[in-house]
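In what comes next, chain A is part of two complexes: it sits with chain B in the first one and with chain C in the second one.
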Partner chain A sequence: MPFLSVQNLYLYYRTRRGLVKAVDDVSFDMERGTTLALVGESGCGKTSTASAILRTLPRNVGRHEGRVLLDETDLMGLGDEEFRKKIRWRTISIVFQGAMNALSPTSQVGDQVAEPLRVHLDLEKEEAAAQAEATLQRVGLPEYIANRYPHELSGGMKQRVVIAMALVMKPKMVILDEPTSALDVMTQANIINLLKELQEREFLSYLFITHDLGLASELADQLGIMYAGNLVELGPATELYEAPQHPYTRALMNSVPRLRGGQAPESIPGTPPDLIEPPAGCRFHPRCPHAFEPCGWTAPELAEELRSQRTLEAAGLPAIKEVTVRDDQHLVVELAEAPKELASLGPLSRFVDGQKRSSPVYRGIKDLALDGGNVVATLHEPEVPGPVGSSHKASCWLLTRGA
Partner chain B sequence: MWFEFGGFLFRKPRHVKAVDGLTLQFGRRETVAIVGESGSGKTTLGRTVLRLLEPTDGKMLFDGRDITHATQKELAWLRRKAQMIPQDPYSSVNPTFSIYRTLEEPLAIHHVGSLEERSERIHKALENVKLTPPEVFVTKFPHMLSGGQRQRVAVARALMLDPEFIVADEPVSMLDASVRISILQLLRQLQEQFGISFLYITHDFATARHFSERIGIMYAGKLVEVGPVADILQVPLHPYTNALMEAIPEPDPANKGRRRRALPGEPPSLADPPSGCYFHPRCPIAKVGLCDVEEPQLRELRPAHSVACHLAG
Partner chain C sequence: MPAPPPSVGIKEAFREAIRTKSGLAGGIMLAALIAMVVIVPIMAPYSIVKRWGDGQQWLDNPRYAAPVWSEWFTSKELPESAIFEPNDFRKIRINTTQFNLTFVSLRRSFTYTADVFPSELAMWAWATYGTGSTPSVIVTWIRPDGQEVEILNEGPQVRAPTPNTYPFSSTGQMSRSAQAIYNWALSFNATSLAPANSTTPWLYVKPEVTLFAVAGESMLDFRRAEVLKGEYAIRVELLGFTPEDDLDAKFIVYGTIFGLAGTDNTRRDLLIGLLWGAPVALAFGVIASFVIVVIQAVLGAISGWYGGWMDEILQRMADFLLIIPLLPILIIIALFYEVGIVQILAVLIVLGFVGSTTKVIRSLVLQIREEQYIEAALSYGAGRVRILFKHIMPRIMPYTFALIALSVPAYIFLEASLSFLGLGDPVLPTWGSLIGNAYSDGALFHGYWWWIVMPAGGILFATVAFSLLGYAFDKVLNPRLREE
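Entry: the complex of A and B
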C-alpha cells in the first residue's frame, strides 16, 4: 500500500459566475520518503490540490470530495476536530507560498516556531522553546536566531524559519508550495539543498508544488503535470523529463529557456482556460497542435474560426454571410451564394480537408450537409480522455486512438 | 549612482552605492542584458539610464548628446527616444484607463498627432503587439485582460512615440512560463522591425541568453563581467558568474541525486560594502592581501569580453 493515495479528489469553488472546477478528479499515489512534484502554470489547480488535502478550505466551497488515504486511513472521513488535532501540522504540514512574508513582525522567531507545540501539544514554555531551538538547528540556523525578529533576518533565513515551523511537530509529510519563489538564485539553491538533506535525514515525504520544471527536477521522484484542474500526466520524473507523452507536457518542457543546450524556447499559443466553463473534452485541445476528432471541438469554436476566415473566397468558394450556432454540436453556415445541389458540397469538403493541418478545429467536423440552402456542419461528440498507462499515465486521445 | 539617506538629526549621511562606477555602451538594434540578483543595482541602473534618476557621478551620452544633468526641456526630447517597460503588468497600467486612453497618454503628453492620427497609431500599436482585433481591445480595461495581455499593452505604450531605445525591467518575471517566451519573442521581433535597442534587466540568466547579444553581470552595484552571450556562457571569467550559472537548475532528472553548488551568505550591504573587491567575502578563490585590499577594474581578457577580477585569466 502506498504511503499516500489520493483518489478522485474534487474541489470546486462557488462564485457568482458559477462553479470554478479547480481540482477535477485528481488521483495519485506516493511512497514514503519520496517527492511528488506537481507542476503547472498559474490557475491550474495545484495550490487548490494542497488545500483539498489539508482541508484548508475557504467558505465558498462548492464540492469537496474524494479519498485521501494516508497510512491506510481515509483523511476525508475524519471529523474537522480530529483532522485538526491529529493530521494538520502533526502528520502533514505546509510551507505556504510567500510564507516568509507572513511571519509575525512582532514576535521573536523562536516563539513563532514554538507556537504549534504550545497550541497542539500543550507543552510548557521552556520545553517548547528548547524544541524550537533544536528545530532551528535542524534547518541550519544558529540558536541565537530564536531571539531575533523576522525583519532582522535575510530572505533565506526567513524561509528556513518557515521550514522550521513546518517541521517542529515532526510530520511525516510536508507540502511545499513554491518554497523558493521570492528568493535569489543562490539562496534558492541553498534552500533546495536543505530540503534534500532533510528529506534524506528525516525520511520526509514532499508534495512539491511549483511552476518551475527546473526546480521540480531537483527534488522529484514523481512528476505530475496539471492543466486546468486536471492531472494530465503523471509518472517517474526520469520518464517524464526524457520522454513526455502529453502534448501539454511537451510544450511546457519546450518553453523552458535553457542555459546550456541548443534549443531556443517555444511559446504555447493561447491562454489557460476559464475554469468555470472549461473547453469540452480535453481541456487543452484549443491550444494543442495535434488535436483531432474526439478532442472536444464544439460549434462555438468552429464558429469563431469561420468568422475570422477570409480564405474561403481565396479557395473559390462563396463568401460566408452568416454563421449560427444551433447547439454545441451543430453549426449553420449561410453562404452568399447558396449551393443548389449536394455535389457542390464537394469543393467545401475539400476546403475543410485542406484546412485541417493548419487549423485543427476543422478536424472536429464530422460531416457537412445541406439544409434549405444553408450548410450544416455536424461536429464530433467531445470525449474526455482518461489516463492511459500504469506507472506513467497520460490523458490524451493520441495515445489510444492515434491521429 | 549614490543614494543619500539618514542625514537628519545632525547625523552624518550614509551613502548607498547602488550603482558604482559602471560603464556600458549600446549599439543600434542591439539587446544588452544586465543580469543580477536583487540588490545588485540593476533596476537603479535602468532608471538612471532613462534619467528617471539623476546620477551622482559620471556621464551618460545618448546619440552623442550629454543627458547626465539634462534640463527638463532636454528630458522631453529623451522621453520620445527612450522608453521603459516595467516589471509588474498588474500595477503599471492605470486600472481606471481604457486601453485606448493608456496608449493615448504618451501622445497627449507630447502633443503628437491629431485625434484621428492618434487613433490610427493606437490601432497600429495594438496590431504590432498582436492584440487583435484592435477595435475589440481599445475599449477594454486592464482587469479584463490576462497578465500577458497587460504586458503587451505596456509594450504597446512604450512604442507609441517610436523610441530608439527601451529599458525592459524584468518584463516577464511575473508571467507564466509559456507566456514569457511569447513576450520576449515579440520584443525581438519589434527590434527587427523597428530597429530598437534594448536594455533587458533580469535575474534570469537563461532568458538573457536567448534574447540578447551581450550580457553584463552585476554584483553589489558593480559590473563584474560583460561580453558576448556565447562567450560568457562558454568561458565565464568571473567567479560570481560561474557561481550564478551553477546555481540555476535546468529541467534534468539527474539533479535529484546531486547537491547543487551554491555560495553561502548573501550579497553585501550597499551602504557598507566590503573593502577591495566587493565579492571577496564569498569568493571561492579570493586571495588574501589582494582581493580584500584592491578593487579590481574591468579589463578585456577576450575579444569584447571584460571582467573585473584580479585572478581571472
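Entry: the complex of A and C
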C-alpha cells in the first residue's frame, strides 16, 4: 500500500455562472518519505487539489468526492471534527503560499508557531513556547526570533517560521503550496535546501505544489503535471524530465528558459481554458500541436474556425454564407453556391484534408454529407484517452497511436 | 482589491497620534481635564456637592454674583461680600442687679469703597431671654456722613440657638425696617420710585441702595443714587429683663462679585458645579463611549467573522437602532421614571449595543478574514472563537480605540442635553444642568453671562479635547488619511 493514495478526486466550486471544475478526476499515489511535485499553470487546480486533500474548503463547494487513503485511513470517510482532531497538523500540515501574509501581524512569531500545540494538545503556554522555540531551531532560526513580530523579520525568515509552524506537531506529511514564490532566488535555494534536509532528517513526505519546473526538479521524486483540473502526466521525476510524454508537458518544458543551449523558450499558443465549460475530450486539444481526430473537437470550435475562414474562396470554392451548429457533433454549412450532388463535395473534401495538416481543428471532421442545399459536417465523438503506462503515466492519444 | 487595514498596535498608534499637532493639543487638554478630576474631590468634597440642591448651604453667598475677575473688565471697583460673624462684633454686656436689667451692645464698623451698591443686606440674631418680658432688639445703621438710622426695633421671635433672620432687602418681609428707611430718606426730600397713589411706598425701597447712598434727592432711586464711600458701622442692641439675657448677631453685606465662577439664583457657588461637571461629563462620556463602542465592535467582529444568519440579524438590528431617535426615547423614559445618571447610561447601552461601530468594524473584519494567516489558522484546526480573539480582535483594537475617542463628545453632549432639559441626574451638578438652570432663570436676558458661558466652555473644552485626539488617531489609522 502506498502512503498516500488519491483516487478519482473531484472538487467543484459553485459560482453564479455554473460549476467550476477545479479538480476533475485526479488520482495519484505517493510513498512515505518522498516528494510528489504538482506542476502546472496558475489556475490549473494544484492548490485546489491540496485543499481537497486537507479539506480547507471555501463555502461554495459544489462537489467534493473521491478516495483519499493516508496510511490506510480513508480521510474522506472521517467527520469534520474527527478530521480536524486526528489529521490536521498531526498527520498532514500545510505551508501556505505567500509567507509574507501567512503570519498574523499582531502576535509574536513564537506564539504563532505554538498555536497549533495550544489548539490540539491544549498545552500550557510555557511548554508550548518551549516546543515552538525548539521547532524554530529545527528550521535553522535562533530561538530569540520567538519574541519577534513578523514585520521585524526578513522574507526568508518568515518563510522559515511558516515552515516551523507546519512542523511543530511533527506531521508525517507536509503540503508545500508554492512555499518560495515570494522570495528571491538565493533565498529560494536556501529554503529548498532546508526542506531537503528536514525531509531526510524527519522522513517527511511532501506534496510540493509549484508552477516552477526548475524548482520542482530540486525536490521532486515524482512529478505530476496538471492542466485544467486534470492530472495529465505523472511519473518519476527523472524520467519525466528526460522524456516527457504528454504534449502539454513537452510544451511546458520548452517554455522554460535555459542558461545553456541555443534553444529559445517557446510559449504555448492560446489561453488556459475556462473551467466552467472546459473543452470536451482532452482539455489541452485546442492548444495542442498534435491533436488527433477524437481528441474532443466540437461543432462550435469548428464553426468559429470556419467563420473566420477566408481560404475557402482562395481555393476557388464557393464562399460560406452561414454556419449553424446543430449539436456538438454536427455542423450545417450554407454555401453561396449550393452544391447539387454528392460529387460536388469532392473539392471541398480535398480542401478539408489539406487543412488538416496545418489546422488541427479540421482533423475533427469525420465526414461531409449533403442535406438539401447545405453541407453537413459530422465530427468524431470525443474520446478521452486513459492514462497509459505503469509507473510513468500520461493521458494522450499520442502514446497509444504513435506520432 | 481594497487595501487591507494597516496593522498598528495600540501603543504605537497612541505614540504616533500624540506626535501630530492635533493629537498633542487634544492630549494636553485631556490631561488638564484629568488633573481637574483629580483635584476636584480635594477642593470640593462630595459632601458639599451632595447638598448642591440644599438652599441652606449657600446662604452666605450673594445672589447672581459675577466672577471676581469680571472686575478687570470694568473701570469700577465691585464689592465682595462682607460677612460679620458674631466674633467680629465688639460686644459690651452690662448687667444691673438693681433692676435686673441686661444691656447688650454689639458694634462693628467697616469701610466701604466699592463704586457700586451691594446686592443685599441681611442679619441673623441669636437672642437668649427669660420667660417673662420679651427684650427688644434695636439695630442702628451709622453712616460716614454722621447720619444714624434705626432700621430695626422689635422683639425677637425665637430663642437661641435658633436665629432670628432679618433679610432687610426683602422689603415685603421687613416692611417696618423699610418704612423706617423710607421715612428717613424723605427727610432729605428724596424722590420715591413708588407710584403716587401707592399706600405702601416703602416697598419700593432698596435698603442696600438707600443706606449706602449719598444723602439727597436721589437716594431712593437705585438708578441715580451715588455710593457714599467711607466708614460705616452697624450697632445691634438688646435691652433685656433677666440677668441671663444675651445677644449675638451676624451681618452680611452681600457683594456683586463672588469666587472664580460667580453664583446663581440660589446663591450656589458655580465653581463647585463647574468643577464637578468635569468628572461627571468625563465619566459619563468615557464610560458610555467605551462600553458602547467595545460592545458594538465585538458584535461587529462577530457579525463579519461568522457571517450568515448571525450577520444578518446583527446588521438588521443595527439598522433598526440607528434609525430610532435616541433623544426622544430617553426623554420619555426620564419623564416616566426617576432616572439617575447610572440608569441613563444603562438605557444608552441597551439601545446602543449595535450601531455604526458594528458596521465599521464588520467591514474591516470582512477584509481581515480574507487574509492568509486566517486561512492558515483555520487549516491548523483553530476554532472560530479562538481565531476571533487571537487574530481578529488585536487587529481591530486600535480602530476601536479611535472610535471610542471620537464618540466621547457625542455622549458628553447627550448627557448635557438631557441635563439641560432637566432630565439628567437629580443630585449631581452637571454642565448641562447649570445651563438648563440658567436658561430657565432667563440668565441671558438678565446678563448673567458667567452662568452660561462657563459651563458651555466646559462642554466645549471636553468635546474638543476628545475630538482632537480622535482625529489624530484617525490620521494614524485610516489608510487614506495617512500623511506620507
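Here are some notes:
Criterion: the second predicted complex is superposed on the first by the 399 of 403 C-alpha atoms of A that agree within 3 Å, B and C clash if a C-alpha of one lies under 4 Å from a C-alpha of the other, contacts with A are read in each partner's own complex, and residues count from 1 in each chain.
The rule is short, and it goes like this: a contact is a pair of C-beta atoms (placed from the backbone, for glycine too) under 8 Å apart; a residue touches a chain by one contact, two chains touch by 3 or more.
Model, not experiment: these values are computed from the prediction.
The superposition on chain A brings chain B alongside chain C with room for both. When the two complexes are overlaid on their common chain A, residue A:Pro105 makes contact with chain C while staying clear of chain B.
Of the two partner chains placed around the shared chain by superposition, chain B is the only one that A:Ala237 touches, whereas chain C remains out of contact.
In the superposed pair of complexes, A:Leu259 makes contact with chain B only, with no contact to chain C. Annotation for chain A, partner touching more residues between chain B and chain C: B.
Angle at the C-alpha centre of chain A formed with the centres of chain B and chain C, after superposition on chain A: 70°, rounded to the nearest 10. In the superposition on chain A, A:Trp89 makes contact with chain C only, while chain B stays out of contact range. Contacts of A:Ile276 after superposition on the shared chain: neither chain B nor chain C is touched. In the superposition on chain A, A:Ala336 makes contact with neither chain B nor chain C.
Within the superposed three-chain model, A:Ala134 lies out of touch with both chain B and chain C [touch as defined at top].
In the superposition on chain A, contact of A:Leu54 is made with chain C only, not with chain B. Contact with chain B, but none with chain C, is seen for A:Ser154 once the two complexes are overlaid on the shared chain.
Distance between chain B and chain C in the overlay is 9 Å (nearest C-alpha pair, rounded to whole angstrom). Chain C contributes residues 7, 9, 371-373, 375-383, 386, 390-391, 394-395 to its touches with chain A in the complex. Within the complex, the chain A residues that touch chain B are 41-42, 154, 156, 184-190, 192-193, 196, 211-221, 237-238, 241-242, 251-253, 255-261, 264-269, 271-272. Taken together, the chain A residues at the contact with chain C in this complex read 54, 56, 84-85, 88-89, 93-94, 96-98, 101-107, 112, 115-116, 119-120, 162, 165.
Contacts from chain B toward chain A in the complex involve residues 37-38, 146, 148, 176-182, 185, 203-207, 209-210, 233, 243-245, 247-253, 255-256, 259-264, 266-267.
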